[in-house]
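I'd like to ask some things about the structure below.
First chain written, first letter: the chains are A, B and C, and each begins at residue 1.
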Amino acid sequence: MSGTFLGMPSFPRNAAAAVQDSQLRFNLRKATHTIRDRRLSVVGELPDWAELRQAGKAIKDHTLRHLDTYLLQMEEAVTRAGGKVHWAADAAEANRIVTGLVKATGETSVVKVKSMATQEIELNEALAEEGITAYETDLAELIVQLGDDFPSHILVPAIHRNRSEIREIFLSKMAEWGKPAPASLTDEPRALAEAARLHLRERFLSTKVAVSGANFMIAETGTLVVLESEGNGRMCLTLPETLISVVGIEKLLPRWQDLEVFLQLLPRSSTGERMNPYTSSWTGATEGQEFHLVLVDNGRTQVLADEVGRQALRCIRCSACLNVCPVYERAGGHAYGSVYPGPIGAILTPQLRGMGSELDRSLPYASSLCGACFDACPVAIDIPEVLVHLRSRARHARAERLGMRAAGWVFGKPGRLARAQRMGSRFRRLVPRRLPGPLGGWTDTREIPDIPAQSFRDWWEQTDGGRR
Amino acid sequence: MTADTPAAGSRELILSRIRAAVANAPETEIPRGYRRTRSQEGLAELLADRLDDYRATVHVVPAAQVAATVGRVLKERGVGRLVVPDGVPEEWSRAAAGEGGSQIVRDDPPLSAEELNAVDGVLTGCAVAIAETGTIVLDAGPGQGRRALTLLPDYHLCLVRIDQVAGILPEAIGRLDPARPLTWIAGPSATSDIELNRVEGVHGPRNLEVIIIDG
Amino acid sequence: MRVALFITCVNDTLFPGTGQAVVSLLRRLGCEVEFPAAQTCCGQMHVNTGYRAEGVRLAEHFVDVFAGYDAVVAPSGSCAAMVREQYPRLVHAARSSGPRVPSGLAGAVAEMTPKVHDLSEFLVDVLGVTDVGAYFPHRVTYHPTCHSLRGLRVGDRPTRLLSQVRGLELVPLRGAEECCGFGGTFAVKNAAVSSAMCADKVRNVMDTGAEVLCAADNSCLMHIGGALKRQRTGVRIMHLAEILAATEEVR
């Protein structure tokens, strides 16, 4: 990714533009509906999905409760296995560490496995400032990088692009970054995948440093685990002489055995497969490689301190919540102004970054609280609960505050409510078809209901509940 | 700051932030009510079915026919140069070179990445397989070689003995040693990055052929 | 059994006909229904928009008003879910971070929540009926609404009730489980996305060829209905209670 999300306007403004983007709407509808059906079918296949989900949730909660102990255990195990462990309190420190490690090798380029943590800390930009080029090797990340674009989905960062757009990007941009795309390139997915294979093969064979993230870290053994599909991960993890893994501290699992839960939950929830094509695990320095593990906090401990919000740290980045979210489907990932879009982004971003900006304050409201995300979440993060919780911590606009206070006053006593209802009924013919101010958002596309001549409570009182 | 500047400050800072954050958090019991085993019946068929779903080519054959099958499939595909790691049974590599018509390449001394990239295929065994998820796990042990061997060649022929097949994932986890570098393979290289539809064939081997030895 | 009608502020103010339908339906089934006149609002709008302190005050008022009844019936999945699912959390969260929480509220909430039912739950689970003797000879499609579905988990209770209504032709709604885009203040704060969601719901409703769109929540119906009316589709909205209250005699 080549830019930064900083300074974007609020979610409603971004989303209002996105819903009018016909290409985006078409691409997202097609992709999210495809994956929804697939996820449902492979999840439905397991008789013990509910038990796996409960176990996954509990293992994560337990780990977070004892995160200090398990991090130390992890550090010791990795060190014992010949790796070196670094601790980064924030993004700037993580970037300094990685940049320093790459510089120490004397190399000026790295290959990268798709990693949310490195996107979050904007590592590529930090490396570029020091004259180091980071080559993204995941197909979707490659599309985003070549297209000078932003990621818009956790699993499939280029979900907003369809096959024809991908072909155009490959044809016009691949040559700038390395081996050009064949002029005869079609928009067949197989041909596009082949073009990526040819474009990156030389790069894999010659680059000496790789940067990865990890899906899981096992504290008891010091093992890192990466799930992927294409084999670009295996290339990066296996071929270079130096491997630097940048991992959020919440990615830990206590025991090797715990993987038996998560390797079932993750692939079925994310790509809707029984198992993803490739999963690699390694412990410390492997097959002669130099190995560094950079443990990143960058706001995670702040999330951990929030009793309700900390459940967001259970997230295993599967994207099931994005794929089922009706808001994400229509607004797209860019509207969230963060590498973490969708429902999980709406609770993670404001917690990691704080709610200082208008955009970050608007994220907890980027949901109708329909609850589809909670049902889909393989570690049972109650996203609506956290959204509502964050809303209670957000700073509200003055006009809204006054309106809510007034409504609270009316609801405070039944007599006040009855008087307000009678007032509404008396002036019911005067209600305009289009409401003023923010309420106009309603009447732009919908009628408002007719106000009845009499409220229910007045009817009850007058008729003794219909008996008179 | 350079790479070797100690960041001891951040280590302590992060640990103390964690301790403060979770001080009042409740303890959690971990319920493990999920399945831990599956019946051993029909494992070969299930594994074959699930691998086939990922568009791997699968054969289930008795031990007596393994060598002949290896020879036949290699010949049919016309695999020219075939890398065979140490520890692969002699009988299989003889069949590969004989009826298969492949030229056997050894990783001794270790091949460079470029050399390996110029090889057409690789023949290995495996450590464990998982029937329910259609997965084969390599642990770089005997008959499997280092990880790059099964990565750069475009064709991977993998032989799985029925006693290596676990029913479900939890059974396999118990049989694996995390200290070894593990590669879990479920079908040929694929991607879901284009319109969230799976298509086979990106960076890893585009062709995975599996011979399950049953009986 | 003392049954209290929790009318909800939206129904009280805008949809009195739904309340009247609940009363006549429950009486027909032999229940004595009371309307505690001191009730106002459950506080959902305040809590879900981020005004927890007002929410706690309204929750306190709610449990005061409805204490002492054997069952509390609401013709709204969303408001029933607010009390049953959100009140316990609200009290817990409020206690650990901010607004004043009266002592005893947690206990009162714990006592209250199991007695609160959405209409379809009360009919099927408490009264044990699915055939309520209704007659409604029209083509109807049913939108399950998110909080009934994923909050209360009412499942197929509403459609079981509808399928027993004489003369009624129930047609399935494609994408039924998808949110209509109402979401309370979401409809105003994120009007563009809300409208886009509603547009798809309207299209699915139109594809059924139904005369009537039914749901167990007037808020969602007000939203979808507002668009159906704006577009002059001629499809009318009806609360589940109104269909179940309809009989041949009343017609």
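We adopt the following convention: a residue touches a chain if its C-beta (ideal position, glycine included) is under 8 Å from a C-beta of that chain, and two chains touch if they have at least 3 such contacts.
Just so we're clear, the structure is a prediction, and the values are computed from it rather than from any experiment.
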* Structure fact -> Chains sharing the largest count of C-beta contacts are A-B
* Find the chain most remote from chain B, comparing centres computed as mean CA coordinates. => C
* **Per-chain Cα centre nearest the global Cα centre, belonging to chain** => A
* To do: Just give me the whole-number Å value for how far the CA centre of chain A lies from that of chain C.
  => 32
* To do: Using mean C-alpha positions as chain centres, tell me how far chain A is from chain B in Å, no decimals.
  => 29
* Could you tell me the distance, in whole angstrom, between the mean C-alpha positions of chain B and chain C? => 53
* Would you pick out the residues of chain B that each touch at least 2 other chains? => none
* Check each residue of chain A and list the ones that touch at least two other chains. => 307
* **chain B to chain A touching residues, read off their complex** => 1-5, 7, 10-11, 13-15, 17-22, 24-35, 50, 53-54, 113-114, 117, 130, 132-135, 140, 146-148, 151, 169-170, 173-174, 178-205
* Structure fact -> The answer for chain A against chain C in the complex is residues 11-12, 15-16, 19, 307-308, 326-327, 330-331, 364-372, 374-375, 385, 388-394, 396, 400, 404-405, 407-408, 410-414, 417, 421, 424, 438-439, 441-442, 444-449, 451-452, 454-457, 459-461, 465-466
* **In the complex, chain A residues that touch chain B** => 27, 30-32, 34-35, 47-48, 51-52, 54-55, 58-59, 61-62, 64-68, 71-72, 81, 86-89, 93, 96-97, 100-101, 103-104, 137-140, 143, 155-156, 158-159, 162-163, 166, 189-190, 192-194, 196-197, 200-201, 204-205, 218, 221, 223, 229-232, 234-235, 237-239, 249, 256-257, 259-261, 263-264, 271, 273-283, 286-287, 295, 297, 301-302, 304-305, 307, 310
* Structure fact -> Per the touch rule, the chain C residues reaching chain A in their complex are 7, 9, 11-17, 19-20, 23-24, 33, 35, 37-41, 43, 45-52, 54, 57-58, 61, 86, 89, 93, 96-98, 146-147, 149-151, 177-179, 181-199, 222-223, 225-227, 229-230
